[in-house]
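What follows is a set of structures for review.
In what comes next, chain A is part of two complexes: it sits with chain B in the first one and with chain C in the second one.
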Partner chain A sequence: MSTDIKTESFKRKQLKKLGLKFDNWDYMVALAGNPNTGKSTVFNALTGLRQHTGNWPGKTVSRAEGAFDYKNNRFKLVDLPGTYSLLSTSEDEEIARNFILFGQPDVTVIVVDATRLERNLNLTLQILEITNKVVICLNLMDEAKRKGIEIDITALSEELGVPVIDTVARYEKGFDELLSSIHEVAAGNTNIETSPDIEIPKELKIPVNDLVKDMEELYPELPNKKWLAIRLLEGDKRIEEALCSGELLDLNKSFNQPHLNLDEELKLLNSTEANHD
Partner chain B sequence: MINQDSSQNLLEKANSFRSNLPESVHDIYVENLFRKAAVITSNVLSKNKVRAIKDEKIDRILTSRLWGFPAMIGLFTLVIWLTIIGANYPSSMLATLLIDNTYPLLKEWTTIWPWWLSGLLIDGMYLATAWVISVMLPPMAIFFPMFTLLEDLGYLPRVAFNLDGLFKKAGAHGKQSLSMMMGFGCNAAGIISTRIIDSPRERLIAIITNNFSLCNGRWPTIIILSSLFVGALAPAWFAGFATALAVVGIALFGVFLTFVASWMLNKTVLKGETSTFSLELPPYRSPRILKTLYTSLIDRTIFVLWRAIIFALPAGAVIWLSSNILIGDVSIAVHAINYLDPIGWFIGLNGVILVAYIVAIPANEIVIPTILMLTVLSTNIAGVGSGAGIMFEPEDIGTINEVLNAGGWTLLTAISVMFFSLMHNPCSTTIYTIYKETKSLKWTALSSLLPIGFGVIFLLVLAFIWRLFT
Partner chain C sequence: MSPLTNLEEGKSSTIKEIDNNMQRAERRRLLDLGIYPGVSIRNCFNSASGGSKAYEVLGTVIALRKEQAEKIYLRES
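Here is the complex of A and B:
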């Protein structure tokens, strides 16, 4: 398998890099992942933009949005700040979390560092708690190989219940498969299997079940109730607000309504912070 | 539809449950999640035995207590040295093209224009811009790609790793070493990159001290002055390295000041706990050389050059106007220079230099051209340049030397300017960025005034001691 041929075919095929022209998109794709896994490299390769890339964690500090066209569908791509978790301990984590939940991306691409699989899966599992419209971009496969790491892609995909594509983003390897997978998930053509279940601590079981039961009665259309129940038990202010304002309920209905953008999310975040002060 | 009451009830229920839950329940949940990740990993991943990884061997040297700092200084000296050596020839070529050849042509074509119009546009704006391009472009086109290669390779986090402990001792966040490294490119970018620091206190320290990282606009000033005055003191074969060492010395002094200022802030207005974090050393990646060259040329070099040009145009106009509008018998520029001369003397500088720094607030890139122009103007050197307010062309580096000598420059002046370049107010873009990031006039003012305060005190002492012994 030659690199050149793969890169060439990717460039020749149905991808058009649209740079900043991201109005009138058909699907929105969020790009999430740990710091320094190559998210910005993926972003640049797909959009043709030149978001600063560098080999150190945490350098993407501001949001980046761009667009590409694949098989005549327009995709808007949002590069989220790199985070190790979504436990909302920092502003970055809160932005990423809120965008995945409230921004309602049609697909969330999680860029995973193949050389640090376990730690990257921590974030992956947390995202899978929120949404299962996910494609895993298992990146840095060349480095993993160099370090003698082998990953069973099929098994990983089965464990996580979502498509896993192995890539080398710096050389645009595996991007054909990545794009077609993003397209499939966005269009709803993939069978999303059940996501991995995280065991709930026994003290939480009764409260969670109770709250889920209430939610099922009151708001049957509410998505991922178990996760929401845990957030509420945790006293997550942003989620409490979204519940009271009805924002959470609207999530499922409003498929063609304008999605919340990062700017608004930031504003909201600032205003809730101000309220807490 | 949303029912306020029912969601309120749900919240209350959750709250009452929460008050009965043990504190540890959240941690247990997160532990379960981590355990799941570990289980999945062990199910899908297998590791071959592999020869000792090269990365670790390299890191043992580059981040060792003993060799970390010397390796860092050596590497940066090499980069600066290559920049100095490489930039000389293209610089003079550009000067020949833009100033020797194009400038007389432009003057010829515009002889029918009124004198003030061709003066303002060509002697002022065109020459200022041409100067900036010929002085700035070559060093940037060499320095940026090399710096980007180091970044792409993964060296910057190693520098951060070496400095991390020092930052902690200064009461600052270890991640400040990363924002400091970004500041060596551009302080505005460095200040934006402080967003990676979560604690507001430590972030403010990082913002206020970022100006002590020499930026793109200031590297060339220091490189030029160092080769003129420091390089000239050394024997010819050693001149290039002596120049580079002096430049690296100034940059390291900036790093030292970053620690001093961070420590002072930590002891006074920004007291508090230092947060811990773990810095992860990413693997070395073989840089994609062509891609790096391309992006660093387009994104950094052209971007910075464009900014310099945009500020050089109006600055050229201002210089031309101020040296051609007379109050009494002398021009505004000469009035200002004479007024600031005695103040400058105390800190080893002169009126010309201070005026140049005021003109160059929008962009430090134009400091040297402005100094030269104003020196010619105020000393009326015969045969150099051609009249009031014209940024003349220094045919070779010797001419710059001649002009500066005529302007009364000594080794003290050159060294003082090099230090003043390091310690003065940030450029206007950086000041604006600080305001946008802190949303506070107070912190913006402190960030702008602290470096210049350091500079004035340092130069006062330096000039005093220097004059005592010479």
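Here is the complex of A and C:
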């Protein structure tokens, strides 16, 4: 077992951990997942960092950012707060949701706890409603095995319509496959289809399409209009307010501004730290 | 119908439904925490004040206030 693990991390010569050097990236990858699924372990293993906190546009809530190089492509990795949902109104959930909606990452890696699959699929489905550029990192597979849990990975991947990679992040097991999947999805080389179960019910299609048309006229620059339309029909007050007040438009703008380079980012970080003292 | 507040410490049961008066954000929150019909739930411990209790659901322990737990109904065993 232990020799297996060693070979595994030796094999991964195609990975270069870039730490904080996340300027000039080719692809942006978001890391999402429930709390305590090993998200930070994945983040640290890929970037070589031990968590770095930065600033969200307009807010002083911590997130982690880092970078890695895989097969000569530079990836910026953004570790989102661990949440059970994207639909409730806690600050953490809004940060995760806004990033996936407006940051429009090239790939969203969802770290899923294999020992609590049912609980974790809630967030997974909510993310798949927004984007299908997703790779599922089915983590804690060693604990699942110990508990006698067996998961049909092929069936899960077919049901969800996206790649599912089983991993043990603590030992970087399965990371070759994970990296190659992230690369494939980022480069658009995989045939990802949305599962029919994630599509909206027939009865909702007309009202959703009507709202999307209205939004195309009013807010042409906003991405993910279909998702926003569903929230409005649900009576989501927070989204309604944020849309009408222009908050969502501002958020979208702030995500699409030219990116700060490392010096600017560090300056920003230092000034925030100074404020805390 | 038996509300979740009646579940004794250490005992498990299955969720039957959430009260229809719980709507939108409040209902969504419970669903996101794993509280929905058919799910098994266990009362892990009661707080000294009796206000909130800890429940294990889908492999995670969550705390619910009395006001919320009263509106979650269990299957008759």
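Simple rule for what comes next: the second predicted complex is superposed on the first by the 182 of 277 C-alpha atoms of A that agree within 3 Å, B and C clash if a C-alpha of one lies under 4 Å from a C-alpha of the other, contacts with A are read in each partner's own complex, and residues count from 1 in each chain.
Heads up, the rule we're going with is that a contact is a pair of C-beta atoms (placed from the backbone, for glycine too) under 8 Å apart; a residue touches a chain by one contact, two chains touch by 3 or more.
A quick note: this is a predicted structure, and the numbers were derived from the prediction, not measured.
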Pick one for A:Leu218: touches chain B only (first), chain C only (second), both, or neither.
first
Chain A residues in contact: does chain B have more, or chain C?
B
Contact-wise, after the overlay, does A:Leu160 reach chain B, chain C, both or neither (first, second, both, neither)?
first
When the two structures are overlaid on chain A, which partner does A:Leu87 contact: first (chain B), second (chain C), both, or neither?
both
Is A:Leu204 in contact with chain B, with chain C, with both, or with neither (first, second, both, neither)?
first
Is A:Ala187 touching anything from chain B or chain C once the two structures are fitted on A? First, second, both or neither.
neither
Considering only the touch criterion stated at the top, classify A:Thr115 as touching first (chain B), second (chain C), both, or neither.
both
Quick one: classify A:Asp152 as touching chain B (first), chain C (second), both or neither.
first
Please indicate which partner A:Lys237 is in contact with in the superposed arrangement: first for chain B, second for chain C, both, or neither.
second
Do chain B and chain C land on any of the same chain A residues, and which?
87, 115, 118-119, 122, 234-235
Touching residues (chain side chain A, partner chain C) in the complex
84-85, 87-89, 115-116, 118-119, 122, 234-238
Provide the residue numbers of chain C that touch chain A in the complex, in ascending order.
24-25, 28-29, 31-34, 58-60
Flag every residue of chain A that touches chain B in the complex, lowest number first.
35-36, 50, 52-59, 61-62, 87, 90-91, 115, 117-119, 121-122, 124-126, 143, 146-152, 155-156, 159-160, 170, 196, 198-201, 203-204, 207, 210-211, 214-215, 218, 229-230, 232-235, 240, 243-246, 249
Chain A partner, complex, touching residues on chain B are 1-4, 6-11, 13-15, 17-18, 21-22, 25-26, 28-30, 32-34, 36-38, 40-41, 43-50, 53, 148, 151-154, 156-157, 160, 175, 178, 182, 192-193, 195-196, 198, 280, 282-285, 288, 295, 298-299
